[in-house]
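In the two assemblies presented below, subunit A is common to both, partnered first by subunit B and then by subunit C.
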Partner chain A sequence: MLLDVDNITVHYGRLAALRGISVTVEEGEIVCVVGPNGAGKSTTLLAISGVLHPTDGAVTFDGKNIAGMSPEAVARAGISQVPEGRHVFTTLNVEENLRIGTRMRKDRAEIEKDYKRVLELFPVLAERRRQPAGKLSGGEQQMLVIGRALLTSPRIMTIDEPSLGLAPNLVDRVYEVLLELRRNRGLTLLIVEQSSERALKAADRLYVLRSGEIQLEGKAADLQDGKRVRQAYFGFEEGVTHEGEVDF
Partner chain B sequence: MIEANTPLLRKVRYFWPLIVLCLGLLIIVAIVDSTGDIILAQTLVEGLVRIVIVVAIYMFVGNSGIISFGHIGFVLIGAYATAWQTCCPYTREMFMPGLPTYLLNNSHHFVLAIFLGGVLAAVVALIAGFAIMRLTGIAASIGTFAFMMVFYSAYLRWSTWTSGASSVIGLPTTTTPWVGYAYAVVTITAAFLFTRSKWGLALRSSRDDEVAAKASGVNVFGQRLLAFVISAFFCGMAGGLFGHFLGMLTVDSFYLGMTFITLSMLVVGGMQSLAGAVIGVVVISVVIDVLRRLETGIGGFSIPSSSAEVGVGLILLLILILRSSGITGNAEIYWPFKRDVSSEGALRRQS
Partner chain C sequence: MDYVIQTIISALSFGSFYALGALGIGLLFSVLRLINFAHGDFITVGGFALIVPSSAVVATMAIGSFHPALLLVCIVAIVVLLALVSYFLVFQHVQNASPATMMIVSFALGYTLQNVIVMIYGGRPKAVNIFPELTGQVQLSDGVSVQILQLVIIAVTWVLLIALVLFLRRTQVGIQMRAAAEDFRMARMLGVNGKNVIALAFILSGGLAGIMTLLFVTQTGVLTFRMGVPIMLFFFIATVIGGMGSLVGAVVGGYSVGIVSVVLSAILPEELRGFRDACVFILVIIVLLARPQGLVLTKAAKERV
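Showing the complex of A and B:
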């Protein structure tokens, strides 16, 4: 098991945002965590990445306990993070943004190859290499952040809401790229997603999180009809609300 | 037409922002030197020392995005540390009787003394920064201010080493225009190289987005501390230069007045650009000089005294309101000719 989040509890002050949740990710897997607003999805990623520290439970990455480590130490251990909301370095140009991704690495020749690959993957970034990242469109910024995370040569990439604030065709493109990366490079992914429909399409396994607890987990293949996912997502039986009112 | 992609030309293009600044200053120094005007030369040297200070502050403030109100504390430390080594060999014991025997009996060469002054400032920055750099945003700024207060008050009372509230007089006035120019060029070059280094890049990334910088593995605290120490080193050297320009030192001259002037210069020029730091000093120095001359009166016309400070304050306000990114708009002076945009060249430059 590559990443093992075991029964963690996270508090914001006295408020428990996560109450004993467990998530595991195997090497080469795509795992999605879905859930409504305020369910604790982002909190889960923040607890893994070291921004928040769990008050209880353990986070094990590749056999090492990483709970309590600083964000940069977690990043150095091989978990690259794409935080929510397209965190590009606005005054740095595209090339410099990408170079930040490579700064933890020593393998110069490989960096060069990876850099070229990222530019091939996102041709628009190659075109705008000299432009400040703040001038890119939302979709381009999301590509840039993913490209930067890729250049850290991660063992696992965690992404918080890749679809947030993007036009649907751009979201398609982002997911295409993510699936392609898994197919061609065996990238392991842990994705937080609000849309269970997207998650069911992309993931191997998914977890439904609500009110800081895991409501449901399973293989995406077994959950394709969506009924159990929706029930776990909203916490009530289907039919109580009118079909169609609920937009996924 | 020059061949567009020779290695030499590429180097020139890379270092262009640096070359322009150094050549520009060279022209100014050469012109002033040739006029032989002593008053003008004084203004020039003061301006060059301020360039060292403001560019040193830029190294930290411009790249980290944390405003420092405390860097004049490092100038103070460097100034007195230099004086301990060079000042007035016959009266040193009178001004600063508390100095250790070695310092009372030995003098160092000006260049070595200034260097050691910078080193002392850097060591102090390392210790102080270890606490202050853990803070972010306005808390860090206030922290640097508190740091300066501590050193100002301590040096004011520490009369056996600093002569306290009275002056230390008799430093050799070795800071000539050309010496000032040499230190300005060294500092500007260091700032240029630091900003473009991988450490400078990491620091600038944390300025834009601290969360993402950490997520990319940047040790934000460590990068800030490094920049703080380097910039303190150059501020300390500037202190030594300043003492050897005036020929005397008072603790009071390294306090709020100098903090205000130097930060104004940085803000007016453009806080996030090296060109801004240099141009800010040049512009504000010229304005101050013109107003000072008007204060003393030209051809029967004069303006009230202290108009220079008022003028600087007004310019600062105008810049903040009308053009908050400064005269340069936070940009550097780029290669004015068409740049080669082939991806080939760019990829090779990557390695």
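Showing the complex of A and C:
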């Protein structure tokens, strides 16, 4: 097991945002965590990346306990996070953005090769290499942060809502790229997603998170009809309440 | 005409000094959200490091009697060390607290430094004389003569500004620092060592304070334990006017405050000149009413509003 989040609890002040949740990711797997707003999805990723420290439970990465480590130490251990809202460095140019995570790498010789591969993967970034990242469109910024995370040469990449604020065709493109990376490079992915439809399409396994607790977990193949996922997601029987369609 | 040229040079030299001060504040604010009110006292400590520690009325030069180059290195090193120690001993322990808490801690540090100086050196002002050749006048053309020190201050400021810009734009560490200034958490998630970046900001800020010590003491020729306080107020105002968190803003703010003060003392009628600082502060209030985020807007400032 590459990443093992074991029964962690995370508090914001006195408020528990996560109440004893467990998530595991095997090497080469794509795992999605889905759930409504405020379910604790982002909190889960921040607890893995060392920004938040669990008050209880353990986070084990490649056999090493990483709960309580600093974000930079977690990044150096091989977990690269693409947080919600993209977070490009707007005043740095595209190349500086891409290269900033390579400083911690020890395999100096591989960096240039990886850099070229990322530019091949995202030709638009190659064209705009010298431009400030703040000038890129939303879709281009999403490509940039994924490319930037790739250049840290991670063992696992965690992505928080890659589809947030993007047009549907761009979201398709982002997922295409992610699946391609897994296929060609065996990249392990932990994706947080609000749309369970997307998650069912992309993931090998799925967790449904609501109110800081895991409501359902299983292989995507077993959950394809979507009914159990929807139920876990909303916490009520289909067709029982609420008029109209809920978009998810 | 001669008077105009002298006023311009004087304004630029004041502005340069304030710009350096505002940069020292801005560097720390950009990565740490700390408004370091002890910055002025760092300058004071650098000044007192020139003389032998004693409460005697007449100061005896220690480092102050060294060869100028060695003197410069020693004083800058001492102030840098002070800045670093204050990070590891004090600010590191409150760096996750609110900016207001950090600011109050910096006040406490400043008062502590002042009182340590009083304990060691006594509370009376002491005359010191360093780089006496700089306080002389130089003839620019017929009838126009300015103090050499003013030209030195302008030149030193621009050399430091260019060096800082090159460092932040061209070096890997500088780029990391800019990234951390814009989005500290994201930079750390990409492996940038947060502690190192902050320590570096303290080193740069302390280095600037050390150089300013020498410029300031050469100008005034006097050491007092509170000498850092009034200039710190102007640095702070310059930082706020320029826009917190923007280094360009700090420079713009520093020059604005410096130039406005000098121009006001040149044009205000005799009987109002004593109120020059009051006039400067009124202008500051007007600027802030019109542009609460300061003259130069940064992403960091936008996020906080």
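Keep in mind that, in the parts below, the second predicted complex is superposed on the first by the 244 of 248 C-alpha atoms of A that agree within 3 Å, B and C clash if a C-alpha of one lies under 4 Å from a C-alpha of the other, contacts with A are read in each partner's own complex, and residues count from 1 in each chain.
Following the convention adopted for this analysis, a contact is a pair of C-beta atoms (placed from the backbone, for glycine too) under 8 Å apart; a residue touches a chain by one contact, two chains touch by 3 or more.
What you see is a predicted model; the values in this text were computed from it and never measured.
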(message) Should subunit B and subunit C be called a clash or a fit once both complexes are overlaid on subunit A?
(response) clash
(message) After the superposition on A, what does A:116 contact: first (subunit B), second (subunit C), both or neither?
(response) first
(message) Quick check on the superposed pair: does A:91 touch subunit B, subunit C, both, or neither? Answer first, second, both or neither.
(response) both
(message) For A:100, using the defined touch cut-off, is the partner it touches subunit B, subunit C, both, or neither? Pick first, second, both or neither.
(response) both
(request) Identify which of subunit B and subunit C touches the larger number of residues of subunit A. (result) B
(message) Contacts for A:64 in the overlay, against subunit B (first) and subunit C (second): which applies, first, second, both or neither?
(response) neither
(request) Would you please give the residues of subunit A that touch subunit B in one complex and also touch subunit C in the other complex? (result) 49, 51, 70-72, 75-76, 80-81, 83, 87, 89-92, 96, 100-101, 103-104, 148-149, 152
(message) Going by the contact rule set out above, which residues of subunit A touch subunit B in the complex?
(response) 49, 51, 70-72, 75-76, 80-83, 87-92, 95-97, 99-101, 103-104, 108, 112, 115-116, 126, 129-130, 145, 148-149, 152
(message) Using the touch definition from the top, list the residues of subunit A that touch subunit C in their complex.
(response) 49, 51, 70-72, 74-76, 80-81, 83, 87, 89-92, 96, 100-101, 103-104, 134, 148-149, 152
(request) Would you pull the subunit C residues touching subunit A in the complex into a rising list? (result) 172, 175-176, 178-179, 182-183, 185-194, 299
(request) Would you tell me which residues of subunit B are touching subunit A in their complex? (result) 198, 201-202, 204-205, 207-209, 211-220, 272, 330, 341, 343, 346-347, 350-351
